[in-house]
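Taking it in order: structure first as structure tokens, then the write-up.
For reference, chains read A, B, C and D in written order, and residue numbers begin at 1 within each chain.
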């Protein structure tokens, strides 16, 4: 089997360039590639286009990149937890493309699956549909949406093996498996890196073919946005 | 007396049916989970990738890798399943969800809904709302009847950017239960002690009143 | 959790009607719904439109339905292992729609996912493209293909639970999970039926929402088309 | 002497590179798996849902639930993965496969391929071939140079229904290795002891011969 392991985030992200288009997995702060984000900050790469469902919070996740003004354009579905984001957006410092969440997910899947465009009903009759081709199927209106791809996809998994196979945990899966398919170079960080053969082939979420580089992540903080509990 | 948000959630819970798969939006809709009638099998979908959402975890069972679409820590139940965001919206877009309950800033008498943007002021994004309203077989809106400054949120036309066209079926507010009909908002029930005249006053869109309007019982 | 269990194939398939459109999982004879096929024969339903990657062999799988002349139309990608099929096709007794395998898979997924149409490059410039809308994206030509749905999807899984969650084994997965999403009524037969909670929620291939009825299958033959072995 | 099918497979194996993901069609292409150079990491994809296809199983390890696209019983390897047919063709359509090797009934000098239908005689269906040829970054055809009755299969234009347009990059036959160029079939290598004149005679399409043509070494 092909070995995709690199020793560190530094080795994995060494060729990310100013102006690159990145996909970053995660929903809120759940399942984000913490090590890759830290390395992007260390690299000080600029003018990034970031495709991610959310934009982190002010002081964690993608919010850290926004703080450092490394992001030129953000493509997301919901950015409500980030005041700095809203400030940069309203002041015009940041380009933003807001996309319905299901359309965002499907456009990324389409990018990975070689489907240049598809029809979806989400956003018809709204601002999202402006300038887009609309068509009726079976009496309902749909919009034509195009695929999304990225120079680099940065994803985070629970377990991975040396062949690049990935398994996610809980709702930390979210956009990660989709983005893994749509990056020209997909870089996976994992909580636990295992030898090929340690994962059940029947239970792989991302087959290794989609992953170009994999590394063992360090020091996961896994910050919780809303710690809600019930009494036992 | 107008319903509080728990009252609204309790009234919405009466719309549930055994065997329903339900997506609950953020805010009041989330509270509906607390009022599912005992013995009724209802499965909650969270669009970030969970079917069969359970209650909040006990303190020692909190898992950062298990949240709902509102970013709250939750639990799974026996029979739950986890999946990616494309599969989640395949469920939604493919009309596999029986009922969607969500909040709104405005609803028009045609059933249009606005809940994602206030131009120049608030830009949080639509999240999954546009997908949900474009595809749900049945959409109930849970909201206050009027804004904090007393403006009606039930309008002839939405003034804010639209989330979806002609999609809302029913609205449950602090004052009333209303159904969208070709003629406008049809008043079905009123909050205990709230008069039809009060509801009329708080409703800017066309209000249809036919016969005696019963009180909501929760 | 909602209980989807029915006691038998007979109970599960009782309302399948003459002229129904069916999807049947499987690739070759691998992962086919053996119990459901046997029940279709017992029911003697006629004029079926069957969507399935293959058509079985002469005396097993979908071939059994062809023998009994229960199939009016077949939608498939490859039917090379079935002489009776080829005879009925060449004689005009059977309507046949041959579809590239990836397009077939994607059209079924689209049916389940609420995507009425999408572009794919497969078949452009061939008979498959005749009468279809073609469009260029980034210098390459694509065909517009529409979704496929069915009145009933008949799928076969390895393990299933009372909530309708399914797990497949090996390459018996193939079209089964896709078809499960695209049936108005999806009927799953399983080798092992378990109580809700017995399967790991992180490792479900088909979430229960897609399954309307599930039953414990009996007497799986699992016939092998080409038993190829190597010396140890 | 013309190559036998194992010779063709051996020559094709020289096209493999370390780190390649490869889809092998039914027939001669399947044999290529036997000639992967030792120490080279090549991963075989089977479009029915397996990445990392291993050798045929020993008799006691045969599993009816584990077959390849040719319906043969196979095995997995450490690092293999299994997936559904939509995911499988997402890999193919999304150009994640480095090399596709398949058989053909005809190839044109422009790189068109026909391998799925003989009108009125044979209708087996295209299976995954149309998806593979429409999306593969690199396609090698493995076939006999001529049909059983001696007709050339390398033509100016295909006469049979097309599987895909302008997609074949290289052809490896019992007689020769040829590359598709804008000018036609460029002869790269000839089978041991087979003359350029013999290849010319067996090739109906435009054949480009530049300089000395080396013999295939396998």
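Please note the rule applied: a residue touches a chain if its C-beta (ideal position, glycine included) is under 8 Å from a C-beta of that chain, and two chains touch if they have at least 3 such contacts.
Values in this document were obtained by computation on a predicted structure and should not be read as measured data.
S.K.: For chain A, which other chain has the most distant CA centre?
M.R.: Farthest by centroid: D.
S.K.: Which chain pair is joined by more contacting C-beta pairs, A-B or A-D?
M.R.: Per the contact counts, A-B leads.
S.K.: When the C-alpha atoms of chain A and chain D are each averaged to a single point, how far apart are the two points in Å?
M.R.: From the centre of chain A to the centre of chain D is 36 Å.
S.K.: Could you tell me the distance, in whole angstrom, between the mean C-alpha positions of chain B and chain D?
M.R.: Averaging C-alpha atoms per chain gives centres 56 Å apart.
S.K.: Can you check how far apart chain A and chain C are, centre to centre, with Cα atoms defining each centre and the answer in Å?
M.R.: Those two chain centres are 32 Å apart.
S.K.: Go ahead and note the Å separation of the Cα centroids belonging to chain A and chain B.
M.R.: Roughly 28 Å, centre to centre.
S.K.: So which stretches of chain B touch two or more other chains?
M.R.: Within chain B, residues 82-83, 86, 89, 92-93, 135 contact more than one other chain.
S.K.: Which parts of chain A, given as residue numbers and ranges, touch two or more other chains?
M.R.: 106, 109, 113-115, 120-121, 168-170, 202
S.K.: Graph shape for the chains shown, where an edge means the two chains touch. Line, ring, star, complete, or other?
M.R.: other
S.K.: Give every touching pair of chains, nothing left out.
M.R.: So, checking each combination of chains, I get A-B, A-C, A-D, B-C, C-D as the touching pairs.
S.K.: Provide the residue numbers of chain D that touch chain C in the complex, in ascending order.
M.R.: Residue list for chain D touching chain C: 46-50, 55-59, 62-74, 82-86, 88-89, 92-93, 117, 120, 122-131, 134-135, 161-165.
S.K.: Looking at the complex, which residues from chain C come into contact with chain A?
M.R.: Counting only chain C, the residues touching chain A are 106, 110, 113-121, 135, 137-138, 140, 142, 146, 167-170, 202-203.
S.K.: Under the definition above, what is the set of chain A residues touching chain B in their complex?
M.R.: Chain A residues touching chain B: 27-31, 53, 76-81, 86, 89-90, 96, 98, 100-106, 108-109, 120-128, 158, 168-178, 205, 222-232.
S.K.: Which residues of chain C touch chain B in the complex?
M.R.: Touch residues, chain C against chain B: 1-3, 109, 111-115, 161-163, 165, 181, 195-197, 201-202, 204, 207-210.
S.K.: Quick check: in the complex, which residue numbers of chain B touch chain C?
M.R.: Per the touch definition, chain B meets chain C at residues 18-19, 21, 41, 43, 45, 51-52, 76-83, 86-87, 89-97, 135.
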